[in-house]
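Labels for the chains are A, B, C and D, by order of writing; each one numbers its residues from 1.
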Amino acid sequence: MDKVSNLREAIARDIQDGMAVAMGCALESLIPFAAGYEIIRQKKQDLTLIAPISDIQFDQIIGAGCVKKVVASWVGNVAAGLGHNFRRAMEEGIPQRLEVEEHSNFTLALGLKAAAMGLPFLPTKTARGSDFAREPHYAEIDCPFTREKLLAVRAIQPDLAILHVQRADSEGNAHVWGNFGVLREAAFAAKKVLLTCDEIVDHEVILSDPNRTVVPGFLVSSVVHLSFGSHPSPTQGYTRRDDDFYFEYHKESRAPEGFKRWLEKWILGVKDHSEYLALLGPERLQRLKPEGNLFSLPVSFNF
Amino acid sequence: MDKVSNLREAIARDIQDGMAVAMGCALESLIPFAAGYEIIRQKKQDLTLIAPISDIQFDQIIGAGCVKKVVASWVGNVAAGLGHNFRRAMEEGIPQRLEVEEHSNFTLALGLKAAAMGLPFLPTKTARGSDFAREPHYAEIDCPFTREKLLAVRAIQPDLAILHVQRADSEGNAHVWGNFGVLREAAFAAKKVLLTCDEIVDHEVILSDPNRTVVPGFLVSSVVHLSFGSHPSPTQGYTRRDDDFYFEYHKESRAPEGFKRWLEKWILGVKDHSEYLALLGPERLQRLKPEGNLFSLPVSFNF
Amino acid sequence: MEYTRKELMVVAAAREIREGEKVFVGMRLPLLGFAVAKELHAPNAVGIFENGVIRDWPALQSIFTISDPPNLARALYCGGIVDVMNLLQAGRVDLGFIGGAEVDRYGNLNTHWVVENGHRVRLPGSGGAADIATLAGRCIIIMNHERRRFLPRVHFITSPGYGEGAEWRTENGLPGGGPSRVITSLGIFSFDAQSREVVLASHHPGVTVEEIRRETGWPLRISPGLNETAPPSREELAVVRKYDPKRVWTS
Amino acid sequence: MEYTRKELMVVAAAREIREGEKVFVGMRLPLLGFAVAKELHAPNAVGIFENGVIRDWPALQSIFTISDPPNLARALYCGGIVDVMNLLQAGRVDLGFIGGAEVDRYGNLNTHWVVENGHRVRLPGSGGAADIATLAGRCIIIMNHERRRFLPRVHFITSPGYGEGAEWRTENGLPGGGPSRVITSLGIFSFDAQSREVVLASHHPGVTVEEIRRETGWPLRISPGLNETAPPSREELAVVRKYDPKRVWTS
């Protein structure tokens, strides 16, 4: 079943106001920034965003006024420090009040994993002794065998996971490589998955290496082909990290007016991903293309 | 650190009588039969064997008198049916009494996964309503959030996991492909790992594809290079399944005397894996070599 | 057209697979049934194997175990037991096939131990059957129909059906839907919507109701709409034989 | 030989890594410290990153995040958060590096919120720091030494050290060993074996004990064996500069 769509239609169809959306699941790489920009353009409201460390993606969507709540372990700008919009929302309710379900990387991953496993919780030994572990999505439990005390982490089920991947076929079967963060857990925890990918490949490419298939197509609702769809975050083998973009964002988003200008320039002022790439310009894109000769060596599935 | 060893030394060093050993973890493929044969030759005693479905491997080691207990979901001969030695041990205590910790595939996998996660148990919704779920390695628990009743599965920690893999470097970093069964859980649950592999490769081969690394070398105590080390079970890309071997075993092990003859011929009467391969003969080995042109397509790690 | 009982059972299994369903397949007859469904009426069905393999087309070469190399080559996904069992536990698997040495009037299955001539016989155990029985959206039981295997109450519940009947599954918190059909060498059975007791829905061509009653260890209920199992079509048989050319499983 | 305080901190971090250890590395100074240890005294150390990456040699190119492509290329292992956190939880990780906006006399760290001029300032949160603090065999805290950051009691415990001191970790069931060192821009600190209070072990060259006391918000204990931090050797400095040629992190 062909699920290939354009970004505008996919975001319009797959996200309703008030949904819980996991995105930016591989930590600092494979962040579906283009999809986040389209969420902002479509002025989605009251979203709950879920990811451990989403780099500046959550800060952008919070600043644009689309977010009611974040379920996260860290919100900011990884290379530069604080996230100014996150701070303004938390400290002053600008542009609106924001709730946070506080996690560590491990407990957030376990919450998603619980949902992916079809369970209401998973136990862990982490975060006991942390002040945020007193929040109601944690509970102390006893091991029924050893009697030791453990922390139960409540399941986190996104309505949608938006994942940027290296390559997928038209049915949504996706090959992903590099660090996964919680990408796999999010794919199986969410009610459905919206994929953006740097490359659409033949089904036969997927079948050549079933151990590389991270997302089976039956989980996927839409596949969107977006070269540089993770910009400014990196996609191993396809695009480098655009470090300057993060530092510029940090500087320009320091004050609300600066953020508004940034938003107007990079998101609201461009119609779609192609115009965004045109704004970056061919030279900058060229500089972001990886070089080298580092390819995985083949393995045999002969029989 | 070079961990390459020969099979006799590795089994002598890594297995003591009374140990709990996970082996045959990928279900019907990648079963470390050569290592099992060496365990029998060295007359190891009072072992606990752990795996969901080990095909005829457990039946052989049970029949040879090395086993006190199995932790398993299924013991038999997958293509042919019952395991005669397992039956004799359970029904008549021949050659000795055998305990069973009963599992389903899922609960056994969760027991190993709990140990791999450093947890004393994991919860599940499976096996509630099965009579074996009344055994003491299960306990009923309540979800602290939803109050629904779940089954807790006690952690299973092997002293050693013996894994046959396609390729490893001399430090024990291993690439594995195909179905994993509980191979990954066993590798991380066990106190140490003994690898047998069809091919020893350069460290650079491993580094070419870090997503293919299933066992990092720091878990591994010994690496043994054994072409056809999984015979008669298959190793994708290296050896086919030798179906006849299983059917012959089923026929010959029907009576204790027949099993003794089988044992003498194939295990005790051969000094080591090379003699075993010689006994199989070059024609049979040639027939077990895979054919085709099914190779994984490369992925780029360029940056 | 001539066909064997096992070919009929394969075809009956195939007909239970609906388009687009995710199916825990298993070996032997259901594996062939999956191939028939894929080629004829359910081209988008997905086959899931408990070793961690997911396929969207059947392996073309005969296999003896689900981990045989032809079942891995050009699969859609290769992972582990936990990966595919998680799909079951999360309610994402529509259908699973299971069998057993004994079945009872509420569709409970036993593969742990039976009694033969007063002697306790040890069987291999659950494998993944208890998981499928507990968690799949619905289950199809496939087995040979013999009186010693069809008991009022199994000696041991490996794979729970409807337990003691009626609301037992709900009361005991089993998430899956339970068995929807029993396909045997003699007929096809459904379950009463209230009592959850086995009901004969169709007898295979050439099999009498009397014969089925004789091979069933309790007073068997007969569906008011009882009919004869539709024989395999020419197309169905052709696919069965394409995937089992040497008649390893269907003779 | 001239060196910066940050170079000294990198070298101090490197010296804490023992041969063969599995180390949760993190970014910036500890990442450089890992490179120094690997090249000089701990060639078999293994670096673990919370995004799921495990490396047995440092990335040769400068990176701004642990998920930057040079950190993935030719890694030993690439998986996910749960994979590497399981190693931590199973007690397989010897050492982890963490930092914070505030630290207190029992080594508790805060990265959630602080108070500046009576105004509450929201910080990014835990990331993986709480996990490392709870679960690693031992932790090294690295941070700038300023009085507003060195408080008798942090405003919020993100990453627990020794809590309220003494047996607090054991009583609260925290499996990891807790912080073993604090490396700051002014000195290196250990923890008293009984009370678990921070103790000044060495002051950096050119820093006085008085200056350290002034920048510490509680009456600081001084080790009877107090000495001066050994300056970076020529070899150590050469490696630091090889991995941070543009002085992004160490100037």
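Just so it is clear, contacts are C-beta pairs under 8 Å (C-beta built on N, C-alpha and C of every residue); 3 or more make two chains touch, one makes a residue touch a chain.
Given the structure is predicted, the values throughout are model-derived calculations rather than measurements.
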Which chain pair is joined by more contacting C-beta pairs, A-C or B-C?
B-C
Could you work out how far the Cα centre of chain C sits from that of chain D, in whole Å?
57
Counting only Cα atoms for the centres, state how far chain B is from chain C in Å.
28
Please work out the Cα centroid separation of chain B and chain D, and write it as a whole number of Å.
40
Overlap residues in chain A, where contacts from two or more other chains coincide
118-119, 124-125, 148, 177-178, 208, 211, 234, 236-237, 240, 290, 292, 294, 301-303
Hunt down the residues of chain D that sit against at least two other chains at once, touch-wise.
53, 68-69, 72-74, 78-79, 82, 88-89, 175
Pairs of chains satisfying the touch condition
A-B, A-C, A-D, B-C, B-D
Considering the complex alone, what residue numbers of chain A touch chain C?
1, 115-119, 173, 188, 206-208, 210-211, 213, 216-218, 301-303
With touch defined as at the start, can you tell me which chain D residues reach chain A in the complex?
49-53, 64-69, 72-74, 78-82, 85, 88-89, 112, 119-131, 133-135, 156-160, 163, 168-169, 172-175
Touching chain B in the complex, chain A uses residues 118-125, 137, 139-141, 143-146, 148, 150, 152, 154-155, 166, 175, 177-178, 205, 208-209, 211-212, 234, 236-238, 240, 290-303
Going by the contact rule at the top, pick out the chain C residues touching chain A in the complex.
22, 44, 46, 53-54, 61, 68-70, 72-79, 82, 86-92, 175
Per the touch rule above, chain B residues touching chain C in the complex are 26-29, 52-53, 55, 72-76, 78-79, 82-83, 86-87, 90-91, 100, 102-110, 113, 124-132, 148-149, 177-185, 233-234, 236-237, 240-241, 243, 246, 290, 292, 294
